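Take a look at the following structure, please.
Which chain is which? They are A, B, C and D, in the order written, and residues in each are numbered from 1.
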Amino acid sequence: MFFLFLSTNLIMTLKDFKNTKSRRKYLENQLAIELEDIKKALIHSEKEITIENLIGETTLPLGVAGPIKIQNSKLEIRNYYIPLATTEGALVASVNRGCKAINQSGGTKVFLEKIGTTRGPVYETKNLEKGFWFLNWLKKNENLIKQIAEKTSSHLKYLKFEGKVIGHYTFIRFYFDTKDAMGMNMVTFATEAINKLIKEKTGINCFAISSNYCVDKKPSWLNFIFGRGVSLWAEAVIKKEAVKEILKTSAQEIFKVWLAKNIIGSSISGSLGFNAHFSNIVAAFFAATGQDLAHVVEGSIGITTTKIENNGDLYFSIYLPSLMIGLIGGGTKLSIKQEAIKIIGAKNKEELAIVLGGAILAGELSLLASLAEGSLAKAHKKLGRTNK
Amino acid sequence: MFFLFLSTNLIMTLKDFKNTKSRRKYLENQLAIELEDIKKALIHSEKEITIENLIGETTLPLGVAGPIKIQNSKLEIRNYYIPLATTEGALVASVNRGCKAINQSGGTKVFLEKIGTTRGPVYETKNLEKGFWFLNWLKKNENLIKQIAEKTSSHLKYLKFEGKVIGHYTFIRFYFDTKDAMGMNMVTFATEAINKLIKEKTGINCFAISSNYCVDKKPSWLNFIFGRGVSLWAEAVIKKEAVKEILKTSAQEIFKVWLAKNIIGSSISGSLGFNAHFSNIVAAFFAATGQDLAHVVEGSIGITTTKIENNGDLYFSIYLPSLMIGLIGGGTKLSIKQEAIKIIGAKNKEELAIVLGGAILAGELSLLASLAEGSLAKAHKKLGRTNK
Amino acid sequence: MFFLFLSTNLIMTLKDFKNTKSRRKYLENQLAIELEDIKKALIHSEKEITIENLIGETTLPLGVAGPIKIQNSKLEIRNYYIPLATTEGALVASVNRGCKAINQSGGTKVFLEKIGTTRGPVYETKNLEKGFWFLNWLKKNENLIKQIAEKTSSHLKYLKFEGKVIGHYTFIRFYFDTKDAMGMNMVTFATEAINKLIKEKTGINCFAISSNYCVDKKPSWLNFIFGRGVSLWAEAVIKKEAVKEILKTSAQEIFKVWLAKNIIGSSISGSLGFNAHFSNIVAAFFAATGQDLAHVVEGSIGITTTKIENNGDLYFSIYLPSLMIGLIGGGTKLSIKQEAIKIIGAKNKEELAIVLGGAILAGELSLLASLAEGSLAKAHKKLGRTNK
Amino acid sequence: MFFLFLSTNLIMTLKDFKNTKSRRKYLENQLAIELEDIKKALIHSEKEITIENLIGETTLPLGVAGPIKIQNSKLEIRNYYIPLATTEGALVASVNRGCKAINQSGGTKVFLEKIGTTRGPVYETKNLEKGFWFLNWLKKNENLIKQIAEKTSSHLKYLKFEGKVIGHYTFIRFYFDTKDAMGMNMVTFATEAINKLIKEKTGINCFAISSNYCVDKKPSWLNFIFGRGVSLWAEAVIKKEAVKEILKTSAQEIFKVWLAKNIIGSSISGSLGFNAHFSNIVAAFFAATGQDLAHVVEGSIGITTTKIENNGDLYFSIYLPSLMIGLIGGGTKLSIKQEAIKIIGAKNKEELAIVLGGAILAGELSLLASLAEGSLAKAHKKLGRTNK
């Protein structure tokens, strides 16, 4: 076998190579493979790319759903296209169908609350008294903390902190407004500066600048309850005609499936996702627009609610407490991601999130309708295996 | 504003366009934007791509970490490169550093249990008696169910079911071996066939073929406890010299950070992720190899454990109960994903998962070391903003 | 202040006293208080009582609800009185009202599954390989384990085990049938014997005979999903006339409150109790019949489901996955608890549990009706402050 | 069979009886049983007792542990006896042993935060806009709400509210200071008054005055994260000599068991109780002092932390976020409960809670030591089956 001869001691380290090409070439030779597509897909200049041991790029098919008619909390109404990068057949079609039903019902209203990007360091406070003293010190010195934090970036505003003393640990959760950036790096640097201040003024050590009290990229009730990044709500009253004609089912059937699946099914499974498939739309939207894909985790948390209106229409609503998203920084810097953002036409982080909110509403509605109608398997058979 | 004039009634539906090019052109004209990169990144033929309303492809930078020395449960030892697609600076470098420390300590042992791909339909059973009767019927007719299910695909083996009667609902979780495929579509078709059989033989209706008792793409204790897809374990005893020289810290410091962050921090946050950042590595590996990105959610669940050995070495171990992964089908069909799989050299789904297990171990070790050393912010400053 | 003079060094230890009386007297003198009621309430002989540092007994008011008409899974129908010990006004009246509505609707059907009493030790297995080897060893030696375990008590049957390898830990959950006893002590002794065997045969040490993988007296998803002790289901179709006349509301209103409170409310609160107040009835029934009051915790877990039948009746159902209860042993040995058990007329543990199932159904129904009607505060004002 | 003849139609309703005696007599005759102990245990006058269908009282053995030396946050040091009502042999002895080890190490420090008693109604707000409008209305009218609420009782202070809009539901969590009472009835009445005000001023209906967003008597992450009632912390540094001589083990062994059981074991079980047995002590203390026994559920939630100090001593600490307790009202009104409170000598709710905090610390320490030493089974054999 080939790999048996690949000794870790003899081979060169990939980071020793000067450039992408030589690194890729080395791999091709070493492994006797060809990486033609990966080479071909390298459409950005190396200067644009933030990664180590670069060998090229990989791709994801990009489809577009919508437009979807969205009214934001300032009562502005706009139509948005939704770029979705996915390899799951039927997903774009599903969101698209949801958009159609929503549009025909007058559009969706989307609401957003800026919770802030959080970083949760844990400090070594030798006993409870010291922990409570430290909480108090933080409260008293919050202005100073704010100043220190905000010096680290002109784009960052310190918002608040929450704290919990647990034995000899003190967990703090700092909240920051990171403007149009998702901002995890920004808040790490700010927290580092705060930690330095704390160390100087109090002698208290930070065990770890990130303590899973953030909570970053792990599912958690803390994020469900407190929110993180932005919290998103979207709703629409789907006209009974649209339910019938576009979604091929009835409000009653969707209500029944929603209750059985999203609510009872999730309850007995110990789930934090009382929804049908938020994460599908979040993942595809994130991949298209350059978000951090590990943040799909937070985007899977939340709840869908429905109600049958007296006139037979379907009230349909979603809530995502904890969405981490940005318009600038990170992967959004890649020109190809900027193109996707231009398809949306979002001028700030909030608008970007709002469009995602509408997309999730559409996708959620369409899947529940499909389950109610019994056509899920059919759709995947048609769209998942063949090509359009 | 432009969008105010975009009426949903007047505009064409994107799916009315005959091909990718005309669809993209229409968008470019409509929105007065250019989608050059998205066009350029379309490296696959439309026949290869399973998506609706295709307009091109989007890209993700691809780096390679490793090699990492892995011993599987059959005691075979191999070295693997790890392709990672990400826009998060420092991630590849971090996994790489972890690999180095692991290799220098003799490599990692990775274990895998095939749990099976699950689909969890919910049935309408009018009362408890009917529900229990139905569970019994399923037990008695399991051979028939197996036959019917396995007729839907030559790649699928029926494994077992679990059931729960809740009032007038009966939730069933069918487990299937889907060979080298992740297999969600496959198990949906199999379950559809089972439902047809059930309906014919018992008259019992399926409310929804997927009831969140699957649990697909939502975080849940059910998946943590029962597992889903494959369950993965990896471990290494990191020599104290490697901890010192490569990771720039000590076993004691890593243990302390692990306890404060992964364990106590996650406990008080109501998290299902008692780990530092499984999801980061899962997301990058999934994007590189064509997995379903919404399955990053399941990959964020699990626990890391550490122990300081008597001789001062660091025992380090991870457990992921619920990893959904495939070598064939879905996004892996794209030629560019096959190239990444060739970099790994995985010959089946299990081997692919095992390499991911090693990569997660490496990434987890490196991040905890970085937190212990206090260099996290530093690394992100260096690698997250500039280019290498 | 008096207590400032109470030095721990000077005072006698309560266990040094020869009998209950002298111990109580000492306390009365030391603290200058009178413990007349505690003395008066000591109605059992000291021989009957299993407690250390006994000074007397304390009391709880005992009321009786019902009778309630219950059909078990063998289709036997009986009427049962329900003794409830509580200091919460309105609780007995509430259960009573529920019984009335249930009886008028033909009674309740209660189902029970014996899961078994579990003990979950954790073992030190130095690495994953050892852990998996140990799991395998347990499987191969299960007959021997069964023999050893069953030697410790003629009332105990070994059922099965489940195991989880986590790094250098192996968690095992042994299930035992403890006949009519709740059986925690019994399974501890059996597990101790098993551990001795394991140590002898494999050299593997037990870290702790109880590892919170039991899970005893703590809320947990493990118990929700696997069940523990007995799992209980109860249901009734409440006639719309009974809903109107006895419960003073409608099926629609109860459904709405159930959905808003038990299901949506619990979902967004990260609760394991998708019910209105299982624990109230469990606590009162446990106190009356001599159960371990810390097991109220497990009894708070579970879900209530409802449906509006086509004819306007209300389908109402409960599920408790994890109820720890006994007819013999522990507190049930006290003669006063046997009197309560005689009120019920339960001949075995299962029958006792079944009556509790009916009582919970009644209490749950009545409270949801009260909330729907808006009379909760009223009832507590009337029954919680005055005397009947 | 006797019960087959017990027709629900023919028998009298227990509430039709004029007094306790005739009711008990009727049951004795009907069921052909004797309720001598229940009669004998009726030591309170019927006027004192708040229950319906009273037939007597039931008893629980009462033991006393301690004294334990406690320092509160005002640095006052006192010694307290701990009355515990339980039928679990070894529990009092275990707490007692813990007290001894704590006292010999200088006592425990206990800290308390008054979170407030909460009631969480859910309102019908027809859409998101209305929900957000309502949240805003509540904020603007908080003073008025405060006035209205505080009119319902001179013992109640309105503190704050938290709210969550979920589709057409608005969940509100009102926090009240209920002085020395546990206060659930009090806050229900206050919330009823608030609801009346809301209805008058806004027309908004309350679906249910209690929505499981309280969260009362169900385990929930909401209560873990926000706290409820009072939050309690206790700690002690157990001298290594005390660990050795009294607890018969070492700090290292206790740390290992704590990590394996309380932390890793609870983590992989989806538990909210990262402790060994908080609920045991809470239940026994609650039964002794007249608390609501269903509140044992909240008392089972929380975390124990330990650390090995540099000098080999054991730092030991507990945290209970959500303890519902009262000194007046409810069951505490019974004279026999007042006697237990006098044993403690608590002058207010906080002091009562603080003593419970110390007791839990002692019980937790002792059990973990017992598990570390391997004597758990032994202790239960000795104390659980024989008499002292």
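We take it that contacts are C-beta pairs under 8 Å (C-beta built on N, C-alpha and C of every residue); 3 or more make two chains touch, one makes a residue touch a chain.
All values derive from a computational prediction rather than experimental measurement.
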> Is the number of contacting C-beta pairs greater for C-D or for A-D?
Replying inline: C-D
> Between A-B, A-C or B-C, which shows the same interface as B-D, counting it as a repeat when over half of the contact pairs match?
Replying inline: A-C
>> Centroid from C-alpha atoms only, then distance chain A to chain D, rounded to Å. What do you get?
In response: 39
>> Using Cα averages as centroids, what's the distance between chain C and chain D in whole Å?
In response: 16
>> Counting only residues that touch at least two other chains, what does the list for chain B look like?
In response: 166, 169, 221-222, 224-225, 264, 266, 268-270, 272, 274, 303, 305
> What part of chain C is in contact with chain B in the complex they form?
Replying inline: 73, 109, 111, 127-129, 132, 165-169, 221-222, 224-226, 233, 235, 237, 270, 303, 305-307, 315, 317, 319
>> Considering only the defined contacts, which chain B positions touch chain D in the complex?
In response: 221, 224-225, 259, 263-264, 266-270, 272, 274, 303, 305
